Each structure stands twice: as structure tokens, then as C-alpha cells.
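Each structure below appears as C-alpha cells.
Each of the next two complexes has subunit A plus one other chain: subunit B in the first, subunit C in the second.
Right, the complex of A and B next:
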């Protein structure tokens, strides 16, 4: 699971008001090389929740992203795009959990695939 | 400029929409381009004239397509070789001379539709073109310019092809054509991991073309299965993401080298950016996450070969039992129960997902089943206020039903009103689970034994004269 995916997901357990961002419990991480596409990154830059991305990257052991959301001029900087690319698409959680911030419900990530399905009593 | 566009004679409904989509992908604005039929040709004929802004666009469209046999700059046409000669002679020299000069190599191919020509006949036809001042050398393997004589004849009407009224001969210079070698490369029989409803390669590529999949685009399939549709999108350079409710499909597959990931690895394609296990009925997207995908392509489960599933048990949704409380020690490996997911609800959820998650101008491409007994031939495809239907292409699957590939484009943003209406409808589906399930049940209409009336009429023995959409 890449941090892009993490940035899109929320806990949907019944009664949860704000299930985002999910806390990451790391058991095993991998780096997976992904083709670099500046256009793709520029589009996604406006969609991601910056704070959640920075925190998630830190949990995964990567602290090179600026804490505050940068303005869009950084999109001209190749150095920034490379870091953004690495954090968003190449850091990969292979085994671990995504934890609902309100209920503590764990969504397991196995072989890189998060299981967001709810149990019967959580729908 | 007008070009002669010759199609492969298959998937007739899919041919023009593919060219129109690709024209848009390569920069032609608007989703309608001009078409014209050769004199007295049936509309299912493989020969069409198409108006494209430049040779560059025509070549790109043809080379990326699956169903275009060739796009040609027409030098002449006629009902006889005499007429053809007159037409070619009167075609302006400044269009012809650059392609017949002594520095370039060329090749002439004789092709035909609805007839077979012997080698000798082909040679005679090539020799009859001596009046064209070819100065260059012939190169049969890698010519600079490829010329085609294509002949179609009055072959009667009993061979299943669209009726041709009169013999017609075309001569033109090839601008581009489909690379169908893709299809044997990607054919399902050599794919490592397959499910019961994996999309065949040709159709998957057509879907990816309808979705304008290309480098830098982000494509999502909410019913990813074995990834057969995303493979085609990834081939065209798109970033992909897929979800499925069935964990067997997305995770384990049939072992470490036989799963969704390996299907991408097999062709040297980049793996999907994400696969996740999620229920399309209860999507896990955070609030505020919207307009992120450029296209959503899918083959929703419509309950004939494979039925859809959503969260919740059968009895639970009937209201007979209370939700099962999972004991704490069993929570980690618990597999939640699922219930049948009716087609109407599935399409409702798909629209809601697409309306929210597609960028403006993004495309929703999906199959929709249609019963063929319906005599009312009016379009009754599902609609949504955010979307406009731009193409519908039917593929007949059996005498009972067919599937229609719908291509829609998102034109309006996802407003709060639309979101609220969708939420209310979602609750209605949940409360009236059984009613909706019965309403949209295709399985019985498609698979129940034939009623006696249709057998008695004896239609099944007489072969259709013209097969049309069956090809």
C-alpha cells in the first residue's frame, strides 16, 4: 500500500465522524520503483491532504517532506517532485495495519493490500 | 481532410466510437467527427470515409486503434478499373509525386472484402497500375510508402456479410493501421491468472481506448477481479488502481506468481499503484477526496455469469437477524458475510462513485446488460445528472441477452444535492433489499428454459442471411 492510497482512505465504521487519517502500524515496508511522471504528480498535488501525507511518511521513516503544505510554485522544482514522488508512490507498506483514529479498529494490510471491509456489526 | 477508413469486419458497433475517442485523445475537439459512406454502401460496411484534421492525427488514431485495418489517403475509386484509372490520373500531382519519387521505396498490396483473389489476379491488378509514375524501388519488407488496391464485389447476400450493391475499387496510400499483434500477446489463454469473467484482450483494449487511457492518466476499476481491464489501460501507459470485495481475487490468487500483480509482471507492465479490498456499496474514500481519477473502467457483475456481492448477510438485510457480533479473539481473521448485490444498486453506486471521483471531462466506461426480447428498441440506459452518454456499443452474447459498452463523460461537478439524493437512494436500497433484488434479476430471464412458443415458430433453423452484430 502506497501513501497515495493511505491518503485516500478513511475508516467507515458505523458512528465514526472523522475516520481520517488512518494511523499506520508498520510491520514491514518495501520500496517499489514507480515510473516518474511529473504531470501525474502535479495533478495529484492538489488532491492530497498534505498533513496526512507528511505524518504517514514520517511513520514510514521518511522525513524529507516540508511540514507545511508548500504552495504550487514547488511544482517547478524537480527536487521537490522527486521527494513527493518517493513519498507518495514508492514508499510501500507491505505488512501492517491501518488504525481508525476514533475506534481503534484495525484494518489489516497484507501483501500490500489493505482490507477495508467492515464486519457485520460495524456497518 | 477526408480519408478512407477500412475496418476489420467485427464488433461493428464499436468501430466508429473507437475512432472518435482516439481522435479526441489526439487533440480533435468535440466528440463528433464527420463520417460518410461510399456510394450505395450498407452502414455496416467496413468502408467509411472519415474527416480528420491532419495526416498526423489520422496516423496516430489508426496506429493506436484495435478495429481500424487501415486509414488511407484515397487516390482514386471507381466501379471498374477504367474508372479507377481516370480517378487516379485526375488526382492532383502534388499529392502523388512526393510518394513516388526515385528516393523512396514502395509496396503495393491487393486486398479484397467478401471475395478471394488468386495470386495471378493480384499480380494483374498491380500491373494494371503502370500509369502511375512510380520511380522508386520496390521493397516488400520495409517500404517507405504502402499502397493498397482494395476491391469489393457484388457477392450476393447469402454469406453473412453486409449486402454490396455494386463492385467498388479503392486505391490509396496507407497512413496507418491497427497493430493487432497486441492481441495474441495479451490473449487470455496465455495469461497466468484468470477468473471466470476475465475480459478478453480485444475488448479490454477497446474499453481502454474508450476511456482515453494514456501516460499520466489515472484509471480505476472498482470490480478489478484478475485485473484484465487494467492490464490494457496499463499497456497504454496509464497509472492504475483496482478494488474488489473478494479477497481471493485481489490477494492470494493461486500462489505467489499467479495473482493480479503477476498478470502485470507477465507483460512487463508497471504494477497497479494500488489494489484494495473494499465494498463498492460502502466505499472507503475520505470526505473531501474527489476528482482524482481520469477514467473509471469496469465490467460490473450483472448477475448472469457472476453475481455481485455487497456487505451484509442475506438474513441480516431481510431484518430476520441482528448483526453478528464478532468475538474479540476472532476479529482478525473474520470474513464478513456478503449478500447479493442487485444490478440497479450496483449501477447506482457506480454512478455515485464516478460522479464524485472522476475529474471533469473524465470518462466512465462500463458494460450494461440488455435483454434481447425487449422489442422496445428505445435506449433505456441508466442516466445520471453529471454524465452525458457519448457512445453505446452492443455485443450480442446469446439469443437472450447482449451487453452494451456505455461510454459517458462527466460534465457537471458533484454537488451536495446530488450527494444527498444518492445517500437517500442508498438507504432505500438497504431497507428494501429484497424488492430491489427481484426487480433487477436477469439471471432467470437469461438462463430459464425457452418457452414453447419460440421453439414452435421454428426460427432457430433458418440461418440469418445477414449476421450484422453477430460478428
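Right, the complex of A and C next:
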């Protein structure tokens, strides 16, 4: 699971208000090379929740992203785009859990696949 | 042409996962016939709901990914075995999609709303008793309840929410799902529709319908209102007459 995907996932357990971002419990991470596309990254920049991405990357052991949400001028910086690319697309959570920030409910990630299914009493 | 879609001999399998069949082939053929438009459209985020064996999402990734970069693929399924099989199928073809075990798009609907450019769905469309819907295992891949619409009717509003302002939806139906009614419902949500593929097999009449947001002001951005060379443009009125022709055809062949 890429951190881009993590950035898109919310907990939908009954009663949860925001359910975002899901806290990551890491058991195993992987790096997978992905073709670099500056255009794609510039497009995504406006859709990603920056704080959630930075925290997720830090949890995964990558602390190179600026803490504060940068303004769009960074999109001209190749150095920035490469870091953004790595954190968003190349760093994978292979095994672990995604934890609902409000209920503590754990969504397991197995072989890189998060299980977002809810039990009947959680819907 | 063969390199542009998934190879059947490289598609993985599992006893509880639906194998590529006529419906899967019809859906991939529909994507292939619309491939030029898809390449012009240049989608960023493509999604399959209910990926099963992975044949369709792998084919889509091969079709679009070879000539463009910066396309991201996501596939969901409720069945964990399907996701495992899809993962193997993708890997065997050297392409990647993010896989999520979800009920349609559970967990994604909030943050991914309005971000998906292309959604493809081969839903459980077979008319069955209501209590067969959503059972665990292989039955969930086809059991569609009354008129086969139980799951289809849950997917459509989710697709509406997830699709971007210029988003496209490709969905497979049986004529017995009453697709003309579905098209009218989608029209109320602002979508136009066109039949991309229609195919009669021994058992069923399959249709792949493409829906796109009908926003005339955006019409120049992605060729939504242009017609393809192979497919005549179907306005809503002609869809209706086509469906009546199909049902007429079906009654002619009721011995099947």
C-alpha cells in the first residue's frame, strides 16, 4: 500500500466523525520503484493532505518531507518532487495496521492490501 | 494487439475467485474499442470495483500504461482471495494497482470523492433470490438479487460520488437488469450514456455502457462529445429504441 492510498483512506466505523488520518502501525515496509512523472505529482499535490502524508512517511522511517505544507512554488523544485514522489508512491506498507484515530479500530494490512471491511455491528 | 491486454495464461486463479468469462471479455473489448478516447482523455486515477481475477484492471493498465505515465490504478474487491489473485495477475504482467479489500469503495468514498477519472465495473448482475446476495465466496461474484440490480444500484451512487467532473464509468449489464431505466436514473445525476459493446452469448445478452458527466462547458477538454470511428453516438432517445430492439430480439430467441 502506497502512502497515496493511505492518504485516501478513512475509517467509516459507525459514529466516527472524521476517521482521518489513519495511524500506521508498521510491521514491514517495502520500496517499489515507480516511473517518475512530474506532471502527475503536481496534479496530486493539491489533493494530498500534507500533514497526514508527512506523519505517515515519518512513521515509515522517512523524514525528508517539510513539516509545514509548502506553497506551490516547490513544484518547480526537482529535489522536492523527488522526495514527494518517493514518499507518496514508492514507499509501501507491506504488513501492519491502519488504526482509526477515533475508535482505535485496527484495519489490518496484509501483503500490502488493507482490509477496510467493517463488521456488521460497526456499520 | 495481444500485448495490450492481459494474457489469459498469465491470469492467476483460485477456487473462490471468478475466472475471466464472456462478461470480462466484453468489458475489456469495450475498453479496447474506446482506447483511443481513453488515451486522449489521459486519466490520472483509474479504478475497478470488484476486480476478481484482475483480468480487467490488468488489461486497462496495459492498455493505458504503455503509452502514458502518471496513471494510477486502484482496485477493490470484497473477497480477499480475489485481491490475492489480482495481485498475482498484475505482477505476472509487470503492472501495478493499489488493492483494497472493501465493500464497493468503503473507506475511500470520503477522500477520493471527485478524484477518479475512470471507473470500470463488472458487477454481480445475475438475477437471483435476494438472500443469495452478498454471501461469502464465489456466489458474491454473480448474485444480484431481484433483476440482478441489488449491488448495481448500490454501486451507481458511489461511482457518481467518486468520479471527477469529467469522469467516465464503464459498466457491464444484462438486458434483464433493465439498463434503459439505469440510463434514465444516471441522466438525472447528469450523466450521458452510450452502449460500447453489445453481445449475445448462449445464456445472456451483455451490454457494456459508458457513462460520462454531461457538462457542455467542458466538452472541449476531453472529447466527451466526439464520436469514435467505430461506434455511433447514442443519444438517450436512441438508447431507448435500441433497448426495445434488444428485448424484441430476445423474445425472438426465447428458445435459448
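Just so it is clear, the second predicted complex is superposed on the first by the 123 of 123 C-alpha atoms of A that agree within 3 Å, B and C clash if a C-alpha of one lies under 4 Å from a C-alpha of the other, contacts with A are read in each partner's own complex, and residues count from 1 in each chain.
Criterion: a residue touches a chain if its C-beta (ideal position, glycine included) is under 8 Å from a C-beta of that chain, and two chains touch if they have at least 3 such contacts.
Fair warning: this is a prediction, and the values are worked out from it, not measured in the lab.
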(Q) Based on the shared subunit A superposition, would you classify subunit B and subunit C as clashing or fitting together? (A) clash
Q: Considering only the touch criterion stated at the top, classify A:58 as touching first (subunit B), second (subunit C), both, or neither.
A: neither
Q. After superposition on the shared chain, which partner residues are touched by A:10: those of subunit B (first), subunit C (second), both, or neither?
A. both
Q. Where does A:120 make contact in the superposed view: on subunit B (first), on subunit C (second), on both, or on neither?
A. first
Q: Could you say whether A:29 touches subunit B, subunit C, both of them, or neither, answering first, second, both or neither?
A: neither
Q.
Is A:103 touching anything from subunit B or subunit C once the two structures are fitted on A? First, second, both or neither.
A. neither
Q | Of the stretches 293-301, 329-337 or 419-427 belonging to subunit B, the one that collides with subunit C | A | 293-301
Q: Share the list of subunit A residues that count as touching for subunit B in one structure and for subunit C in the other.
A: 1-2, 4-5, 7-12, 19-20, 32, 34-35, 37, 39-40, 43-44, 47, 49, 111-118
Q: Using the touch definition up top, name the residues of subunit B that touch subunit A in the complex.
A: 215-218, 239, 241, 245, 247, 250-251, 270-271, 273-279, 282-289, 291-292, 311-313, 316, 323-326, 331-332, 334, 336-337
Q) Contact residues on subunit A for subunit B in the complex? A) 1-2, 4-5, 7-12, 19-21, 32, 34-35, 37, 39-40, 43-44, 47, 49, 89, 106, 108, 110-121, 123
Q.
Under the definition above, what is the set of subunit C residues touching subunit A in their complex?
A. 44, 69-72, 74, 78, 80, 83-84, 87, 96, 98-103, 106-112, 115
Q: Within their complex, state which residues of subunit A touch subunit C.
A: 1-2, 4-5, 7-12, 19-20, 32, 34-37, 39-40, 43-44, 47, 49, 107, 111-118
